[in-house]
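Some structures are shown below for you to check.
Each of the two complexes below includes chain A, the first together with chain B, the second together with chain C.
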Partner chain A sequence: MYEIVAFYLFSVLTIGLFLVTVMSENVLYAMTSLAAGMVLISGFFFILGADFLGVVQLIVYVGAIMALYSFAMMFFDATRDMKEKNTNSLLVFALGGLSALVLVLMFTGPIYSEHIQALYPMHPDAGNAQDVGMVLFTKYLVPFEVAAVMLLVAMIAGIILAGKKMDESLTEDTSIDDEIMIIPEDEVIIVKDKK
Partner chain B sequence: MIGLSHYLIVSAIIFSIGLIGVLRRRNLLMLFFATEVMLNAANIAFAAISHAYNDLTGQMFAFFIIAIAASEVAVGLGILIVLYKKYGSLNLDDLAKMKG
Partner chain C sequence: METTTLVENLPHVTSLGVIIKAIIILAIISALAGFGTYIERKVLAFMQRRLGPMHVGPYGLLQIAADGIKLFTKEDIIPQNANKLIFMVAPIITAATAFIALSSVPVFPDFTIPSWMPIIGDTFVPAIASDLNVGILFVLGMMAAGLYGPLLAGMSQANKWGIIGAARTAVQFLSYEVVTGLSILAPIMLVGSLSFVDFNQYQSGGIGDWIVWKQPVAFILFLIAGFAETNRTPFDLLEHEAEIVSGYATEYSGMRWGMFFIGEYANMITISIIAAVVFLGGYNEASAIGWLTIMLKVAFFFFLMLWVRASWPHIRPDQLMWLCWKVLMPIAVVNILITAIAIMV
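Take a look at the complex of A and B:
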């Protein structure tokens, strides 16, 4: 009973919030609803017994990624509503629905086969965090280290990309002063007709 | 009772919402948001299948997806800032250089 109520509450709220994210004109509304949707998705993980994954979702997505987005928002003009020329929405919705159907078929295909066996079964006596740690640091040690190197590379790339020319303002065009041309009075300007 | 298919259907709905966002939006920042939505849908599906089969592999993949999403956002936002400095806009129609 508890699981049913939680599942339907979380799913309705998540879908609604993500619809706001996708459809909203305002960047701030989209970002806020995306953050709220991430929190509710961690609720899904807690229902499913993946406690550690839920905590990681809260820390990484809601804590780190959303903070990164909100810092990046300071570079862009976030208060202005976006005027976008959207593509033909009927075609887009048809394509999205079709690919969702393909996705459902993809998911249901291997599930109902009989040959799936648990590769690393969970231990009910140990907690989820202990289980995850045991598998992550034995079977998945190499991908873990590669992911660590990838995060380091991404951090360096982000710093280099965003930190270049940090002293120049983005909104005020300061370079416009340098581009004023001073033409002497007696110089004849020849304008060629371009045909 | 809530079974595996319930979670997979919710995941597919959220994924299609993200896909519609990727196809529909013209602002690069909103494209990033839609990508995050799609990654989260995949995470829900992985956690649900992991729960259904009593197997930890799905959760492991979800961890690596989260790591990839974090690095993607770090690099992508850097690129967005460089683009905004260069062109003053994040609209894809303004950024389109290769007109056929």
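Take a look at the complex of A and C:
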């Protein structure tokens, strides 16, 4: 009973918030509803008894969207509405159709739910985190490691692209002082005259 | 783990008990936040050879009431160009997440309400309002979500100081979060569980069993990251009075500002409880003074935060990033590697 109420509450809130994310013309509304929706998705994991995955969802997306916010802060004025220029109707049609298809599949899924079996059922004696760890380091070891290598490559690429003067220290940079010190001699004379 | 047998011995936790527990937490921690401001002003004053608040009541004790009346009756101003909805929601996020985080840490001892009480008699009130298996991760995640309060407040108020405060919030979050997670990972590996109850059981043998003796490096790293997490002084970049007026809180007044304040003090208490339970033995249920000792430990950490505020200057945002990413994170990773090797051998 509680689970059904909680499920419908979370569903309505999540869908509503993600609608705001898509429809809103204000960066701040879009980002905030995205963050709130991602936090509420962790509620579904908690309802299903997957506490560990729920908390991971919470931590990962809170941090990830915080990084998105910093981009929004750099590029937009957060207190004004945006005017979106490109409205590619073909793309909108394709994306809308795909979403509708996914929705239909999701709602028809429970009809076949009796045929769906968990390949790796949870162990009641082991905890949530242990279950995830067992599957991650046996069945899904290769995808896990490949994802880790991919993230490492992305991180190194990001550092190399962003860091141009990595052999110089930013805080001990004295080049500015040199520029201040170099004053043409005639200007110095003018200052002296004024005194 | 062994928790299942322990839970069976305890009386059944009803939803009424959890609600009573939530009300107790909300009431006492809110009051403690008000009392905390008094303690903070007094301690800072004595460390700086001043007297602090002295005029209202004996030793200035009623200053709390005066401050509270001022906060409640002050006009609630919303700036003209601000994004009003987000501006109004932001303080609620800070306060709410701080109290949600408190819901899964052990705050006060469990007790049964005597049966002569009407309606709520014989209700068992648990020590932890919601005893999750992944309590530590949940608390850290909720405290991380609490930083959306300053971020949204700074971005929505159409004020340049606020924007700088919001940018610093993002910088601070991206710096300390890695250190918090990695530093607390080593004790988690030792105990083999994410539940506060298991941490308490692991250290139930006395002072010699405390994790701080096995993981001194992790303890210090967690404390440093905890200071950043609660925006306490060496790392209070968000509302650095000397540089950016009041940062994210520049445009706030009255109770909305008060909610940021209550959230910050509740977070200080939460971090103190985590440090006490994970590293310093926690509450020892066997002896009667167990809960007294954890309150002393929490009070010590609270005092430590004030002590550090009196002793150390602020640091710059780039110094915080340098500290977290180039010093603390490598130390934490090496600490985890050494712990793992020690466990395997």
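As a convention for this text, the second predicted complex is superposed on the first by the 113 of 195 C-alpha atoms of A that agree within 3 Å, B and C clash if a C-alpha of one lies under 4 Å from a C-alpha of the other, contacts with A are read in each partner's own complex, and residues count from 1 in each chain.
To be clear about the criterion, a contact is a pair of C-beta atoms (placed from the backbone, for glycine too) under 8 Å apart; a residue touches a chain by one contact, two chains touch by 3 or more.
From a predicted model like this one, the values you see are computed outputs, not experimental measurements.
Q: If you stack the two complexes on chain A, which partner ends up touching A:Tyr29: first (chain B), second (chain C), both, or neither?
A: second
Q: Mind working out whether A:Ala67 is in touch with chain B, chain C, both or neither, as first, second, both or neither?
A: After superposition on chain A, A:Ala67 lies in contact with chain C alone.
Q: Would you check which partner chain A:Leu9 touches, where first means chain B only, second means chain C only, and both and neither mean what they say?
A: So A:Leu9 meets neither chain B nor chain C here.
Q: In the superposed model, does chain B or chain C contact more residues of chain A?
A: Counted on chain A, the partner with more touching residues turns out to be B.
Q: Where does A:Leu141 make contact in the superposed view: on chain B (first), on chain C (second), on both, or on neither?
A: Neither partner.
Q: In the overlaid three-chain picture, which partner chain does A:Leu58 touch, first (chain B) or second (chain C), both, or neither?
A: So A:Leu58 only meets chain C here.
Q: Between chain B (first) and chain C (second), which, if any, makes contact with A:Gly37: first, second, both or neither?
A: The first partner, chain B, only.
Q: Would you sort A:Ala129 into first (chain B), second (chain C), both or neither based on which partner it touches?
A: In the superposition, A:Ala129 touches chain C alone.
Q: Does the superposition put A:Ala154 against chain B (first), chain C (second), both, or neither?
A: Only chain B; A:Ala154 stays clear of chain C.
Q: What part of chain A is shared between its chain B contacts and its chain C contacts?
A: 52, 56, 69, 72, 170
Q: If you look only at chain A, which of its residues touch chain B in the complex?
A: Interface residues on the chain A side: 3-4, 7, 11, 14-15, 18-19, 21-22, 27, 30-31, 34, 37-38, 41, 44-45, 48-50, 52-53, 56-57, 60-61, 64-65, 68-69, 72, 75-76, 82, 84-87, 89, 92-93, 95-97, 99-100, 103-104, 107-108, 111, 116, 118-122, 131-132, 135-136, 140, 143, 147, 150-151, 153-155, 157-162, 164-165, 168, 170.
Q: Taking the complex as given, what residues does chain B use to touch chain A?
A: 1-2, 4-21, 23-27, 29-30, 32-34, 36-37, 40, 43-45, 47-57, 59-60, 62-64, 66-75, 77-82, 84-85, 90-91, 93
Q: State the interface residues of chain A toward chain C in the complex, per the touch definition above.
A: The contact residues of chain A facing chain C are 26, 28-29, 32, 35, 39, 51-52, 55-56, 58-59, 62-63, 66-67, 69-70, 72-73, 78-79, 127-129, 170-171.
Q: Once bound in the complex, which stretches of chain C touch chain A?
A: 1, 81-83, 85-86, 89, 132-134, 137-138, 140-142, 144-145, 147-148, 151-152, 155-156, 158, 163, 166-167, 170-171, 173-174, 177, 181, 193-194, 318
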